[in-house]
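Read the structure below first, then the notes.
First chain written, first letter: the chains are A, B, C and D, and each begins at residue 1.
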C-alpha cells in the first residue's frame, strides 16, 4: 500500500471504517500557522454521514483530536496528527459479507491482493477514511488563505440532472444552502427529488462535482511529471468512486477548433486571458485564471437490492441489500474534493518558493 | 521542476525541443531482460514527426543511442539511458517568439515561473520530449510481455468524428493500418478527411485516445494514494495537450443507476465480471478485466492564423501563424499513451511482488 | 520537516515529548503477518525510561495501542498506526527553558528554524519519539524473522571503558543480562561503575553501540544511492545524539594495506569470505557475511550542573541543572539501534524481490 | 537499483566504467543561475585519473557535454544533463575477470544480486561514475555560493600518517598545492612518500578526508529523518570505498563528559558557540558554526598481487594483480566529497525556504 501523498506538504492516511479510528499525519506544514480548529470541525461536519435525509444514516459526531504538531495554538513545523474515532460502527451488519464479494466494491480485489482483509464496512477501502483527508484539507485551506487562494466545489450533476449554467453565472456562496450542495436552487431541488426517488427504489446514482480554485498566482505546478493538473487529477482519482476528471474544456473541448479554443492573452496591469478553455493551466503551470475541473463519481455500489455474485470460494451466491449507505455520493464528496485540491495546491505553493534563484 | 516518475521503475526525462537531444533515464528495470532494440526504434517511428500527410513536417529520423544499463544485449539492473538527438531543428523559425506569448501555449507560464526560458520550439514544454518516454515505454512493454500484459491504444475520436463501436467489436490489430490510428476503416477515413480539411484551413482540432490494457493479473495498484487508475491518470495528464481522463464508464456512467452499473461477479475457473463499467479497476486495484480508459486531447495550440496576444512587456501584439505543426495530435499520441501506460503498469507489477508475506 | 523514512516499508513518525502521545505509522508491511504484540511491548520496555538506576527517572509504562492495519491478529497490508501515550510528563520542569537555549540541545536551532517551538522536554527533538520507532522496529523484526535475519546490538563502549573482545568471542544472548546491555559481564560492571560515578557528579558520558545483523541473504542494498550501508548509516545518524557510524573495519581500517584488508573468498557450498573487514557489505550490497557496524553517541547534553548560555534575546544567562535524564544514553539506545536497523533491512528485503526478471 | 538522490535538488546518476559514457541529470536547480562551465571542467580535472604519479594511469580528458537545461548560459529550471564520455577504456584488461570474483570488490555481490553484470572495470560499481557527481556538485557549489556557503575538503589521513593539527590552524587554500591534497606541506610529503612506497609494493592503503562547510546559515536540515548530518552522512557513505563517517567530535567525543562536550552559547550580534564539538549541527539542524565531518576510505581493493579467490562456479582460483588503479583513493576523492556535500547542502537550502509561513 501507498498511503502518503505530496512532496513537501505530505499527508499519510490511516485507519479503517470499523477500526478504532481513522486519521492523518500532515507533515511539512510551515511553522507559525495559527490554527482555527473550529474550521476543521465544520469541514468534518460537511462530510459527516447522517447529515441529511439524502445521506447514509450512520451517525458519527466526527469529533477529532490533534495529538501532535501544535503548540499554543500554532503549528510548529512538526507533523500534525489528527485522530477521528469511529463511534457508530455496526460491524455485525457486515458479518454476512466476510465470504462474499459485493459487486463493484473492493472486496474481491483486496482479498486477492492481500489475502487477508477487514471486511467490516469496507475496511481500508471505505470512504470513511476520507474524514482524515478533510481534516488535513482544512489545514491546507488555512495555509492557502495566507496566499489568498480559495478552493470551492459544488455538485454540478446528479444522475441526469445537469447544472447547465456556467460557474461564473452562479453564486458559489449558496452551495451550502441546500443539502445537495448545488448553488442553483432550482437545479438543487431537482437533484434532491431525483436522489430521494432513487433512494426509495433502494437504488443509487452517480454525479459530477465541479471544482473552482480562484486567486491563484501564476507559476504553480512542476512539469513535466508533477504538472498542476496531473497532480490535482491524481488526487481526485484517489477519492473513492471517482471514474474521471477533466480540466477546462475537457472532453467537450476535443470538438473545438484551435482557433476557437486558444485563450487569447489580453493586455492589462496583469496579463489575463479572454477565455479560459485551458482551465487555468498551461503547460502544467497555473496562468492566474481560475483552475476549473470536473470530477465524475460513479453510482454508489451498495444498493438495497439483492444481487448475484460469487463467494470467496468462487461459487455463485446472492448478496443481500442491507446496511447504511448514501444513495448518491456527491453531496458529501464536495468537501473531500475541496480538501484534496487544497492539499495539492498548498504543496505547490511551497514548491514554487524554490523555482528561482532568489526567493 | 519534477522530471522523475515512478516508485520502483522510474523514468527521468530530460531535453528540450531544439537542444542537442532529448532522452530518458530508466531506473529500476529488473536485470536479465533481453532487449529488443528494433522494437524501441519501431515505437519511436510511430511517434515520429513527418510520418504522414496529417502530421507535422518536422523530419526526425529518431535515431537513438543507449549509453548505459545494457550489457551483451541484456539489462543489468543499472539505469538505462537513452539519447535521441535533435536533428531537424529550425530554431530561427522561433526567433520571433522570444518576446511573444503564443495563446494556449506554455510560453507565458514558463516565462513567469522561471524568469528565463528556451523559446525555441517550446523548449522544455514541447511534446518533442515524449520521444524519450516512448523509448522507455518500449522497454516497459517488453517487461510487461513477460507477464503477458498487453497495452494498446487507438484514436476513438477526432474533432466531432466519433468511433461509436465498443472496443470489443474492433480488431485492434488494425490500428496501424491507417495514418490516423483508428482501427475502424470507415471512421478512420472520416477522421483523415476532417483533419485534412482542418489543416487546409490552417486550423487544428482535438481528439480522444482509448487505451486498453489486457491480460492484467488481479492485484495491481497501491491504495489509497497510488490507486491503479489514479497513477495511470496522473501519467496521462502528464502528456502534452491532455485535458481529461476517464476510466470504464467515466463521465457517462454518472447517469446510470447502481443496479445497472454494478459489475456482477460471475463464477468460473477464474472469477470474472459480467460487465466492465469499472474499467478493470475496483478500489484502485486491477480485478483481472481489461483496463479501459479514455484520454482527451485539446486542439493543437499552434495554428496557421494570426492571433491577438501580448508580448513579454504586456503590450498587445499579434503572433503570426507559421512553423511546422500537427493539425491534430492524436495519431502521433497513440504510442505516447501506450508508453506511459506501460511504464506505470510495469511499476505496479514490480510493486505487487511485495504485497504479501511470501513471494 | 521530513518524518517519513523508507521506500516500500515506510515509517512516519509523529509526536512530542510532552504532547498527548508519540507514535508511528508503518506503511507497506506485507499482509498476512501474524503479529506478536507482546513482543512489541517487550521491545518498548527495553527502551523504557526508569528501567534501572542508571537511566532517567521518568516513569512511562509504555502502554501502546494499535489503531489500524491489523485484523484478527494479522497485518492486512494497510498502514499500521501505533500510539504510545505520554503519561509521566512534568512540563513545569521545563517552564524555565522557554526562553533559554540549553547548550548542545536543539533549542536554539529549532527556535531559529521554525520561529515557534514546544520547549517542554525537548518537544519534537526529544528522544522520547524513538518509542514509536522501536514499536515499528518490533514489527520489522518479526518480518525479518520470516527470512531468518537476526538483528542484535549491544553496548561496546561507555566513556573510556571499551569492550575489546571481538563480537564473535561474545555470547550476544547475554546482552540483556545486565542493565548496561554489554554482553561481557566484567566490562559491563566497569561500565555500570563508571556511569554511576558520572551520575553522582551530575555529569554524563557518551558511548558506542555495536550492531550485528546475521543470516543475511546475499543481495540486499540498492546502489548507487541506497547502498545498504549508506541507508543503514542514514537511519543510525537519525537517532538522537549519534555523531558517527562505521561499517566493518571503519576508521581503523584506513591504516591497513589492501593486501591485509581484502576479504578473500573461500570456496564452499556457499561462497564465504575468510575475513570480514567489509562488514558484510561490498559495493553497497550484502555479501552474506554478518553486517557489522558501530554507532557513536555523544555525552548526554542535559547535565546537573549550571551552564553558561544565552537566552532567546541573545543575552548571557545561566541554565540550571535540573530535570530527569540519563547519565549515558547507550543502554536504552540498544533497542533503538536494533529497531532502525530492522526497519531498513526489512525495506531492502522487499526491494530485493524486484531486482530480477523472475521472482 | 536506486540512482536518484535528493528531494528538491535531485541527481540521477547513470553510466558504467567502460560503457559509452557516464553522466548525471541534475533536476530542481533553480532557474536563472549563470553557469560557469569552466568551473565544472576544473572540478572534473581534480577528480581525473592520471593526474599525478600517485594516481591510476587511466587517462581521461574528462571532456563533458551539457545536453539540456541551459539556455544562453543560464539554467532554465529544466533538468540539466551532463555527459562525460569514456575514452581511455581498456576493456580487454578485464576479460580475465568475467568469471572471477575480485576480493572486496562488488563482483560477487553484483553477480548474485543481478545475475548479469558488466565486469569491465567494475561496470556500474566503479568509482568512474562519480565523475557525474562531481559535475553536478560543481553546479551545486555555484548555487551555494549565492548564499555564501563554502564547501571544502582535504586529506587528513593516509594510512597511518595523520594530520594532527586542528583544521582551524590550517590554510585550506593550500589543499591544492600538492598532489595528495593535504593542506599541511610537511604531512603532505609524508603521505606522498608513504603512498609512493605502498605503490611500489603493489599494495594500497586507506585514508581519511575531512570536510568543512563554512558560512552556513542557521536552520538547514529536516528532522527527524532528513537531519542535516544524517543526509550528509548518507551521501558520504554512497561514495565508493567509504566505510565510516563522523561529525564534530565523532567517535572520540564518546569519551568526554557532557560538561566538557557541551558547546556553550556565547552572546553577540550573532549567537555563536564557544566550542564546536557538535560539528555545526544540533538536533539535525545547522547552528551556524562550521559543519565538520570526517570520512573514512578503506584501502583500494585492487592490488598488484595475486590473490586467492573463487570463480563464478564457486571453485578456488587466483586473481592476478594487473590493471590500472590508485594506490590510495583519497587524493582524488576530495572533490567527490565536496561535490556530494554541496549537492546535499544546496537541497537543504531550497527546502529551508519552505519552513516558515512567510518566505
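In this section, a residue touches a chain if its C-beta (ideal position, glycine included) is under 8 Å from a C-beta of that chain, and two chains touch if they have at least 3 such contacts.
Worth saying up front: this structure is predicted, and the values here are computed from it rather than measured.
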Chains in simultaneous contact with chain A and chain C: B, D
Selected interface, C-D versus B-C, where C-beta contact pairs are more numerous: C-D
CA centroid of chain B to CA centroid of chain C, Å: 46
Mean-CA-position distance for chain D and chain C (Å): 26
Interface hub residues of chain D, defined as touching at least two other chains: 1-4, 7, 13, 28, 31-32, 77, 113-115, 124, 355-356
Contact set on chain B toward chain D in their complex: 1-4, 10, 12-16, 19-23, 25, 27-28, 31-32, 65, 67-69, 71-72, 74-81, 83, 113-118, 123-124
Of all residues in chain B, those that touch chain A in their complex: 1-5, 7, 13, 101, 103-106, 108-110, 112-115, 124-125, 129, 157, 159-160, 198, 201, 203-208, 218-219, 221-227, 229-231, 233-235, 237-238, 243-251, 253-268, 271, 273, 277-279, 282-287, 294, 296-303, 305, 307-310, 314-316, 352, 355-356
For the chain A and chain D complex, residues of the former touching the latter: 7-8, 28, 30-33, 77, 143, 146, 350-351, 353-359
